[in-house]
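Below is a structure I'd like to ask you about.
Naming follows writing order (A, B, C and D), and every chain is counted from residue 1.
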Amino acid sequence: MDWSSDLRDLIETRRELHAHPEAGWTEFWTTAYVASSLEDIGYSVSVGKDVIDQSAIMGRPDDVDEHIERALSQGADPLWIDKMGGYTGAMAVLDTRRPGPVVAFRFDIDCVETIEAEGEDHLPSREGFRSINPGCMHSCAHDGHTAMGIALARRVMSMKDRLCGVVKLLFQPAEEGVRGGYAMTQKGLLDDVDLFVAAHFGMGVPTGTVISGTRGFLCTTKLDVDFKGMGSHAGGEPHKGKNALLAAATAALNLHAIAPHSGGVTRLNVGVLNAGEGRNVVPPRASMKIETRGETNEIASYVYDRAETVIRSSAEMYGVKWETKKVGEAVTSSSDAELMATVAGLASEIEEVDKVGDIVDMGGSDDATWMMNRVQQRGGKATYVIIGSDIAAGHHNDYFDFDERSMLIGLKLLVGVVAKAAGVV
Amino acid sequence: MDWSSDLRDLIETRRELHAHPEAGWTEFWTTAYVASSLEDIGYSVSVGKDVIDQSAIMGRPDDVDEHIERALSQGADPLWIDKMGGYTGAMAVLDTRRPGPVVAFRFDIDCVETIEAEGEDHLPSREGFRSINPGCMHSCAHDGHTAMGIALARRVMSMKDRLCGVVKLLFQPAEEGVRGGYAMTQKGLLDDVDLFVAAHFGMGVPTGTVISGTRGFLCTTKLDVDFKGMGSHAGGEPHKGKNALLAAATAALNLHAIAPHSGGVTRLNVGVLNAGEGRNVVPPRASMKIETRGETNEIASYVYDRAETVIRSSAEMYGVKWETKKVGEAVTSSSDAELMATVAGLASEIEEVDKVGDIVDMGGSDDATWMMNRVQQRGGKATYVIIGSDIAAGHHNDYFDFDERSMLIGLKLLVGVVAKAAGVV
Amino acid sequence: MDWSSDLRDLIETRRELHAHPEAGWTEFWTTAYVASSLEDIGYSVSVGKDVIDQSAIMGRPDDVDEHIERALSQGADPLWIDKMGGYTGAMAVLDTRRPGPVVAFRFDIDCVETIEAEGEDHLPSREGFRSINPGCMHSCAHDGHTAMGIALARRVMSMKDRLCGVVKLLFQPAEEGVRGGYAMTQKGLLDDVDLFVAAHFGMGVPTGTVISGTRGFLCTTKLDVDFKGMGSHAGGEPHKGKNALLAAATAALNLHAIAPHSGGVTRLNVGVLNAGEGRNVVPPRASMKIETRGETNEIASYVYDRAETVIRSSAEMYGVKWETKKVGEAVTSSSDAELMATVAGLASEIEEVDKVGDIVDMGGSDDATWMMNRVQQRGGKATYVIIGSDIAAGHHNDYFDFDERSMLIGLKLLVGVVAKAAGVV
Amino acid sequence: MDWSSDLRDLIETRRELHAHPEAGWTEFWTTAYVASSLEDIGYSVSVGKDVIDQSAIMGRPDDVDEHIERALSQGADPLWIDKMGGYTGAMAVLDTRRPGPVVAFRFDIDCVETIEAEGEDHLPSREGFRSINPGCMHSCAHDGHTAMGIALARRVMSMKDRLCGVVKLLFQPAEEGVRGGYAMTQKGLLDDVDLFVAAHFGMGVPTGTVISGTRGFLCTTKLDVDFKGMGSHAGGEPHKGKNALLAAATAALNLHAIAPHSGGVTRLNVGVLNAGEGRNVVPPRASMKIETRGETNEIASYVYDRAETVIRSSAEMYGVKWETKKVGEAVTSSSDAELMATVAGLASEIEEVDKVGDIVDMGGSDDATWMMNRVQQRGGKATYVIIGSDIAAGHHNDYFDFDERSMLIGLKLLVGVVAKAAGVV
């Protein structure tokens, strides 16, 4: 097989996506781009409200309408924007009408809120595909994932007469902050899936290495807290205030003092705290951005429950109202050994792969776990594959860049999964 | 008049009392001593349960029975101990059966929990009347007040044929921690009083000066808090504990951060915090001794209410049970101008007095305020007099000692009040 | 005398100023407006760097150049802007060349950072002179003070042949945050002054009442704190971070727990705390806006010194660098009885005045105190006068508006002071 | 071999020891008892200062002299007491003068500070060997360890003609709080050892099971902190105090907020906090008992260093002096596979053993690790064996009791180790 045009397409698509990064739930340009591409290839495509359970959405920002305007001004197809109904994400399905397994892939499409580096040292800047959206950057390789998904769509379509069963390509919004995976899962998109593969570039693994599975995802919850107290003149009437800043400070300290759990790793971070209005006013409001993590659901629940208690008590201590909002959540999961073996076998036959690794500990979080668990619960098999890629700087860093050749390795692997599932190879 | 034998008696009595200091609600030896002395002089004396409203008691310790044994072993008269019924304090009444005002005096009889200094530098030690009760010391001059009360009883009895109305001498237990004044007031002892005088030696005023009145007593509440959590092995099962130490630490910090009140002075002190059991055990218990103060009842309530909220929220933050117990309370009060003028006039005629001062700001608390307020509410007049006295070290210090000559000044003044009230002078 | 044109002028000038509010150190339009007006009247006018000791400036923002541009675009005279040399404030001097006292008046010219209310309920909005500078509003009557200063300049010039001595009119920048008074004082402008008057409208006093003096200004210091720690991935490498948010939270709590002072009122407020960058990053930075106050210089120093210790220790506790910057400061002061009597006498003769009050307790801060103290130190007399004014909403509130008629009362009073000082009346 | 008399002796010795529990560094009765017994058997015995490096002692109490008196009054041999020179612990050595390995065993001899349960439910009470030392109890089976050591001494002596090399029996003081192991190691007692075995009864393993090795000891440091501030009257002069209680509370909270380490488990516990003197006094002193733990030396150092910083900064924040004292320390260690295999083989041949387990994770701390590491550093082999034992209640609980039959299993195992080392079996 000749893959040289695939690599050219991959790079071109990736760079187009890289220049148009969009943060979670605002991927209107990206969704329109993906949907157009897939439709052009010949897929039936669903977008937005048709692939998202709105009641299961977490952490969606308030300024979605402005992003729709922006996307349109950047050339997004108004017809697709209209179909989305205000929500992002897409799914392409190829139903062969022949008996066979349902095989699904997850590609995450959102970017990180990073200000992209400039200058000759940074390839996207040097080569002219740096982000046009200030404060937004594809610094976690989701542009690569999405490009690989479109390339896979093209290859799968070209094989369609030899395949059986169904192939589903899921383009998930809002993976950063683990906000979108649950809403796609709750929409039922995974309910009929037999084989599920998510893939991620990099993750500390070099180009040429493939890791066939992952375990040890930390369960995590992202929550926003708002405290609402009462202002008063700090010199003249200090006793009349209800001090939201001190409530938040007390919460922050005591949240970090939550006892560890003997059953495994726990984490908690108050990442952001903003409080107060004027220097001489008892601070009437405060807000915090928090994340909790635990090695298992039980441990994560322990941390989260303790956190809620600390927040509530801190607010009550200062007579302050509070509101907590869950803005992201992911669970733990593990890859299936059988599917890992299949992937490992396929990987070892790829020319550019020089090493196939065993399962690794994630030590982080990804909301593809909701999808993996849903598939496993009904008897399907799932894995989360790491496609090694040399990177220019750490994930989320403003100089992040991955090795574009790894996209071809990933593509070959996923094409292999489809072929294997259909019994073609 | 010849007062030389009065001074001898005052000194002798004071030193006997000084050697037998007893903390609040455990003044069994002292009460028996006072009662015997007054009965010998010819008074009808009530003690213990007959002068105390048991439902209004605050901060009474649990080991009262042991103190009864101690008092007996130190020579307290068993008959008086028996009459007390477990409660301390005494009242002597002289009813002239002639129409006239009811005049009452308050003498506080308890000591401070201080370890008395030893050595030649400390007069009570040098002269051989240092405390025989370890950890107990008359370091606030209540021994002097009590001696003055007994001496007054003697003088009054000797004048009885020239007097009219009623004279009441109240020997109040548990002034330290403001625990006993309310219980005597609630017993109704002040309900018929027309003129009320409490007096205190020292208070930063030198021998020879008399201050005729006081205002600005801080309202205060003393409270004990107990936190009950759950222990667990700090290394092996840290998440199973409910940490009472951290609840108390959080409470302490946030109590001290209670906002000041623009209406006047506020004070709060966590004076004692004890928590934990073993180094490697999540601390299952903690206790705190706290006092709150405010310049007015409203301000004091503000501080106390805020304190309760902070305590409750700190406990809830750590899933810890808590109990707060009010163990002392005093209100604010002010001396009456008319009675102050009378006192000032009498004081200016005393040979040893070289200066008579106006009203001063107390800046502290005394539960004689309950009595003052009760008298004033029914139309009587009350004042709190400062009898200047050179002191060897600050009140409550282990080297505290006052100038015994000030007792004679005080005695002359109070005799004057009685005489004036009866129209004798 | 006919004052009707004065009132018309006062209102017109005040409304022009009200529409052009500028925050401390950015009053370029205002300074140019004042300087032009005074020069037109016939004064020799100094501005900016000639009235400000640059080494004594506190709390000057970084974006001064942008405000110069803004002021120019709003019509400020480029010649005046040029003379200012980047600094605001103005002084007009009338030297009669005849022997006599040096009389000085302070008018503050800056606005508050408030978003001004809109709509029919708010007179400046209804009458069309609402702020044209978003986020800036004359909500503390400094527009009125400044208008009164210009009107006074006109009246004084018309009296010049009958006057003796010198009249100085100081238009002070940056009174809000007590930032500018010290820099004018350090420039030496008050060093030859015999009589000094500052005046403020409103302050809880109704139209028609004049208060001849003030005492009990709280000493205050405004300080900004920056904490600089180190970020790290909160899930993956929590131990590598240096948590600036927790340093700030610890500081905030312990700052508010600074013990009160028995010598008088203390105040401390952490008005603003902003910390952190991303939810999953150990917070690498934090900042706080703080103010400390005390009833005397000694008490204020106690609070400030304790605050510095708490801030330094909190930073060190988390291995975080810190920087504190004094951005404002004012001292305490009291009006002179003699000058107050003069003012009271003059006020009682004003037709529109129905009540003349005694000295009042300020309970707040104003950096005119630097000027008062400088004058008093060299034997001069100073007072801070309250010109009662009915207000629509509290000072600094977005609906604040004062009774414009009070400007005429103030003008008459200050004209009287000048006349009296010259022996004219 | 007949072991029935061994079991009788073990039980008798253990019960004698159980009745005389002594806390770390005060085991004078126990040391004298052990030394007498070993000397009677025929050993050359060193005690106290001859087995302890005094400069390496941690956590020795101040009242040692009183415990010497107590031990003498309970029948300790004055000659042994004299030889100890104020220090506890003993070593018996059998040197066969034939070439062969040096084999050493560690037996810990101190008790826990627990008030032993009373009544029929508790076997030591029912059978009459409950603790005679109030507040002291063998609730961690060290009485059994010591009895096993003496029994081993007897068996070894009886085999002496068939043995080669050297056998060393170490009776270590102060294992609780990990205070004594380092001082014995630093004395050089382990410097020539080839094979080292420590054994512990129970640890969650039932009678009949033997675990041949242990890993994952947490490195730990025990530290005491004293804060010394300055008292002052909380109502009258709050600003004059230096509040040690608030320093300690701030330390406690921030110590528990020390960030976890991504390299492995960390633990910190403030187990005890005592602060303050009187309710109305700004607390002049506070003390804390703390322990820090980490999975490796690096991680443990991280926690300890952070703890020191937090303590120092908290003290400085309140102007309080502080002193930290290291009162215990243990490192991590792992059993050697080879020696574990030997032990496992021997255990499997013991009649009463029904299960031999692999290495287990300790999850706790024991200062035998100092000895293990010293032996391993010079090429020797070491292991820490768990001798299963059914227990009546958890270790350190007041109802703790172990299955005395496990002592015989342990004895057989250790005799086996000696024999195997000498090539006898």
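Here are a few things to note about the model shown:
We adopt the following convention: a residue touches a chain if its C-beta (ideal position, glycine included) is under 8 Å from a C-beta of that chain, and two chains touch if they have at least 3 such contacts.
Computed from a prediction, not measured in an experiment: that's the story for all the values here.
Common neighbours of chain C and chain D under the contact rule above are A, B. For chain B, the chain with the farthest CA centroid is A.
If you average the CA atoms of chain A and of chain D, the two centres end up 51 Å from each other.
In this assembly, the C-alpha centroid of chain A lies 69 Å from the C-alpha centroid of chain B. Chain contacts: chain A has residues 236, 238, 243, 246, 250, 253-254, 256-257, 259-260, 262, 267, 282, 363 touching two or more partner chains.
Residues 236-239, 241, 243, 246, 250, 254, 257, 259-263, 282, 302, 309-310, 312-314, 316-317, 319 of chain D are the ones touching chain C in the complex.
Chain contact summary for the complex, chain C toward chain B: residues 253-254, 256-257, 259-260, 262, 265-267, 363. Of all residues in chain B, those touching chain D in their complex are 113, 177, 218, 220, 222, 234-236, 238, 243, 245-246, 248-250, 252-253, 256, 267, 269-283, 286, 289-291, 293, 363-365, 396.
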